[in-house]
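Submitted below is the structure of interest, expressed as structure tokens.
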Amino acid sequence: MTDAELFAKLQEVDARVVQLPNCRPLAVEVPVGFLLAFMGKLKSRPDLRFIQLLDHLAMDWPEKNEFELVYQLYSIEHDLLLAVHTRISRESPYALTMSRLWPIAQYQEREVFDLFGILYEGHPDLRRLFLEDDWVGFPLRKDYKDYFMLEMPE
Amino acid sequence: MFNRQGIKQQQVKVGGKQLTIIQAPRPQRTSQVATVWGALCSLWNGMRVTWRYFSRPSSIVTQQYPENREHLKIPERFRAQLRLKYDENGEHNCTGCKICDVQCPNASIEVIDMRGESGKKEIDRFVWRMDICTFCNICVMVCPFDALEMSNEFESSVYDKRLLTYQLNRYAGPTKKAFEKIESSADRERLKVGRQPFEAPTPLGIAAGVASGPGVSVAPPSTMKKDDI
Amino acid sequence: MSLEIRTLSEIMNPPQTADSPLSTQEYFVNMGPQHPATHGVLRLVLKMDGETIREVIPVLGYIHRSIEKMAEYLHGRQIVHLTDRMDYLSALANNWAVSRAVETAMGVQTNPRIETIRTLICELQRVQSHQLWWGVLGLDLGALTSFFYGFRDREEITDILEETTGARLTMNYIQPGGLMFDLHPNFVPRVKAFIKYFRPKLDEYETLLSENVILQERLRNVGVLSAEDAIGYGATGPVLRASGIPLDLRKQQPYGVYDQVEFSVPVGTVGDCWDRYWIRIEEMRQSLGIIEQLIDNIPDGKFMEMKPAAKLKLPAGSFYLQIETARGSLGVFLQGTGEDIPHRCHFRSPNFNNLWSVTKTAVGGKIADLVAIVSTLDLVIPDVDR
Amino acid sequence: MQIWSPLYRPSIWSFRTSIGNREVGMDMWQVTTLAARIQESLLNQDFVRAGIFLGGGLAATVAAVSLLGLVLVYAERKVAAHFQCRLGPMRVGWHGVLQPIADGIKLFLKEDIIPTEADRLLFVLAPFFCILGMFLAILVLPVSPEIQIIDLDMGVIFLAAVSGFGVFGVLLGGWSSNNKWSMLGAMRAAAQIVSYEVSLTLALLVVVMFSGSLKMSEIIQSQAAGWWIWRAHGVGLVAFLVYVIASVAELNRAPFDLSEGESELTGGFHTEYSGLRFGLFFLAEFINMVLASAFAATFFLGGWMPFHLGDWQAFNAVMDRIPPLLWFVGKTSFMVFLFMWFRWTFPRLRVDQLMALEWKFLLPVSLVNLLVGAAVVLSGFYFFS
């Protein structure tokens, strides 16, 4: 299935998806409000069957004042790769958990919470993953400052 | 050996791709007697394997390190120490262009350059901090003048990590190519400003970039020796 | 919707309730971070009832080195050398994953020689990694001798790779645009000699451990991971294949020259430790087969397609590429902004995703079962923590 | 005053089998024990001589145990190394022969740590329980006709009684450490040793039945026509196998080293021990291994009795040229090597499999074996009967 065909199928699922340019694999952007329903359909539709959540990560865009969440999905049955992007505000970084669809999301979301401070509503066990429980700040945010961080030499 | 007779290959189609799979066999026992007998046989077979090695001292692979120094073979590409390449006249190729400095992922190279007599950039100090080096070889790879190499001398352990800061150039001054244009050997020697390799506790500022840049003079740490520690 | 953020100490010290006289006392045990069976600094908090495990809580972060944060200040070539330190047992595959992502983003084509050497050398390292795993599995299950046999044979490959790549563990050999060095002239004859040497040794491995009734009983029907759970918990690589799903990126999305070589995918039937064990043993055979097919057919060509110090400009856009390492699919996510330094670099580490199935499979088993499960998951903790 | 006399024959075993009493065409071996010598001296009012025997015997035992510990540490390390394609200790002395002494000095000089939360008294006592069990078992060990401390009339029963003594040390050590891993290890050890005691004793009973005596010297003398391992149509062999498996389990050695299980329990019951106390645990383990080997040799391989074939006088005479002590040492060394071979080859069992092996397999097998052995004894149907 080519990227164009896959995108056409995704538009059948939800007309609000937007294709992101110059991405590999095919990346689409979905408004965060429809994300959970969209993902549920991606997982259950027989012609898509994205049953594996390969990866979940976040990106910080301080100049746009946004976090970008990325879900890398894989369909074993149809050998399809898809990246689903969504954007949430940096001030209230709330997103819905995907752990009911894919159990692994629970842990990947914990990693993102730990490093970005994105709060997943409905998450069964939202705790820090790598850092200590009393760590202050979220290191992968672009504005994170730490006593140990060195200045980049010019 | 584990019985491979019952292993079957099968063609399956997954995600539109045809592939051959081999199904993992299950360890199986048929009856109680066979189980006991098979278990005893399997244990005995395992013991035979270990006995085979026990009874053949030639299969010992231990190398006794300090004793085997003479015939210890280190591959020529093995990366143990960063070195400047010197020719038979003791001259190197480094121009102080700082490409390695910029490309080094963890800032373990600090190149300090200066203006030479000809007005061109010349190397003043090439400081390499082995204690933070990851031996990724990028500096050697990116050097456009082929001035660097990784040597095999792996025995570089010391008791103080400050001793792991090396100055690689033995002299400050022009490169090998620039020297070729100079005829008189007296001029050649005059242009070579001696730089001793660090062999004593080094002010970390040199390598960390505090005292970097042309014109900043760093007192040569020649007054301190290893015994001072 | 409530968002309650707990801490580990709250979980380990639950509020006291009045026990009924018949109930046994459940207690918490820390398995790790210093524990011989966790292969590093993994900490598993076990809720135990006698010897039976009721709950497993993995606690990570003891070797978190913020590689992703560091990668936001480094360009592609420099990121490659960081990946050596993630899954140090498949350093070359990690190098390749980043290199491939950078090459794809930049649109660089590599010649067949580079691809063949990459494939060859990664397969060698897959064998090497599985050898180490085999030895350590024996160690975990109490057979110390296999540990030394595994390491002895691993040393042969390490020597071969050292001769070509110049390092034994953190090789940094596969670079964006090609390779750091060309193959060493001794490489081909030594690999051939190694295959000749290792095939009988592999049979010996099977005699020593696979055939051993104690090992079979320790592994069979222990830690059963069903196919649904394996997919749901994001397992890849041998762990997923052991659950019966013949998913191998080398077949599904061929990279390198995997589409030109013949090999079979070993697949399990039950998803227990035995399947995971046997699949890795069989993968060693298949990898030897791949190496045999490629070793005589290395095409000529350059070993580097780019200038060594060329600026690696990543175009704006996100790139996610996967490579099948010895433990599963390693994904590299790069977000370019037109600079040579990526805006975000993320590694989908196979070990991180494989690890979590332990919370499901180890429950109800004994400590010894947990050891077997962790051992057959073949975790490399620096890759989990990154 | 016949109780300790070496030639006194006990009458507690009223059912004397024909094998036990049988003279096989040769002189009976003269057995002298240390206890008998002391007894004799005392009867002669020669207290100095008695004191010399007492002190000398005590000193010799302690010295032998210490020396054996050193030798075994070295042997284990070398054997393990050669199984694993290694050289083992090579640095201290010629081929590292002084390595165990260096280890011992290291253990002596190490800081002796007692955890704050530990039960101090029991923590300190625990290693000595292990050592005590070991020394008690040495009492009845027949090394050669001249070297034995006491030839008890009920030596086998005494042995069965004290062989489980080491479990006290393990259990107390694990419990008093106040460490969950140690506790788990101690519990495993207790369950394991108590269970395997059953089939161990049943295996010994077969030999007791054959020889018709509970006395060590008589058990050995009953093998003058051939060792019990092969004389009884496989019954002895099965009993021997059961004994070997059960004693490996009793010794807490791989593949049954669950109570230590370094990859599971990080050392098990001796996790918290360091320095000399740790060394004592290890000494006890190693000496216990020798004792188990020595008793296996005694019961099944004839002990110090040379290899005899019935009444083949010429052959037996040649075998008698080799002194009994050498026979004993040879057989014991073979058994020790076998235990090491097991340890460095097999993976460890799981705790429930361990119990299943004992109660569901070894116990029925040894019971059936006992019945078959009884049939053999009653029918007299064995080699060289």
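In order of appearance the chains are A, B, C and D, and numbering begins at 1 in each one.
In the analysis below, contacts are C-beta pairs under 8 Å (C-beta built on N, C-alpha and C of every residue); 3 or more make two chains touch, one makes a residue touch a chain.
Every value quoted in this text rests on a predicted model; they were computed, and no experiment measured them.
Visitor: Steps needed, at minimum, to get from chain A to chain D via touching chains?
Guide: Between chain A and chain D, the shortest chain-hopping route counts 2.
Visitor: Taking mean CA positions as centres, which chain lies farthest from chain A?
Guide: Between chain A and every other chain, the largest centroid distance is to D.
Visitor: Any idea whether A-B or B-C has more C-beta pairs in contact?
Guide: The greater number of contacts lies at B-C.
Visitor: So which chain ends up in the middle if you average the CA atoms?
Guide: Minimum centroid-to-centroid distance belongs to C.
Visitor: With chain centres taken as the means of their Cα atoms, state the distance from chain A to chain B in Å.
Guide: About 39 Å, centre to centre.
Visitor: Measuring centre to centre with CA averages, how many angstrom lie between chain A and chain C?
Guide: Roughly 24 Å, centre to centre.
Visitor: Distance-wise, how many Å sit between the C-alpha centres of chain B and chain D, to the nearest whole number?
Guide: One centre to the other, that is 54 Å.
Visitor: Which residues of chain D are in contact with two or more other chains?
Guide: 83-86, 344-346
Visitor: If you look at chain C, which of its residues touch at least two other chains?
Guide: Touching at least two other chains: 145, 152, 208-209, 212, 214, 245, 247, 252.
Visitor: For chain B, jot down the residues that touch at least 2 other chains.
Guide: 14-15, 17, 43, 46, 49-50, 61
Visitor: Viewed as a graph of touching chains, is the assembly arranged as a line, ring, star, complete set, or other?
Guide: other
Visitor: Show me, using the given definition of touch, all chain pairs that touch one another.
Guide: So the chains that touch one another pair up as A-B, A-C, B-C, B-D, C-D.
Visitor: Can you name the residues of chain D that touch chain C in the complex?
Guide: By the definition above, chain D touches chain C via 80, 83-86, 180-181, 184, 188, 254-255, 257-258, 261-266, 344-353.
Visitor: Okay, in this complex, where on chain C does chain D touch?
Guide: Contacts found on chain C: 27, 29, 35-37, 51, 138-145, 147-149, 152, 208-209, 212, 214-215, 217-218, 366-369, 371.
Visitor: List the residues on chain C that touch chain B in their complex, please.
Guide: So the residues of chain C in touch with chain B come to 74, 77-78, 80-82, 84-85, 145, 152, 155, 159, 162-167, 170, 172, 175, 180-181, 184, 203-204, 206-214, 216, 220, 242, 245-248, 251-252, 263-270, 274-275, 278-279, 282, 308-309.
Visitor: Could you pull out which chain B residues touch chain C in their complex?
Guide: These residues of chain B touch chain C: 1-2, 9, 12, 14-15, 17, 19-27, 38-39, 42-43, 45-46, 48-50, 61, 75, 77-79, 99, 103, 105, 134-138, 141-142, 144, 150.
Visitor: Note which residues of chain B are touching chain A in the complex, please.
Guide: 14-17, 107, 209
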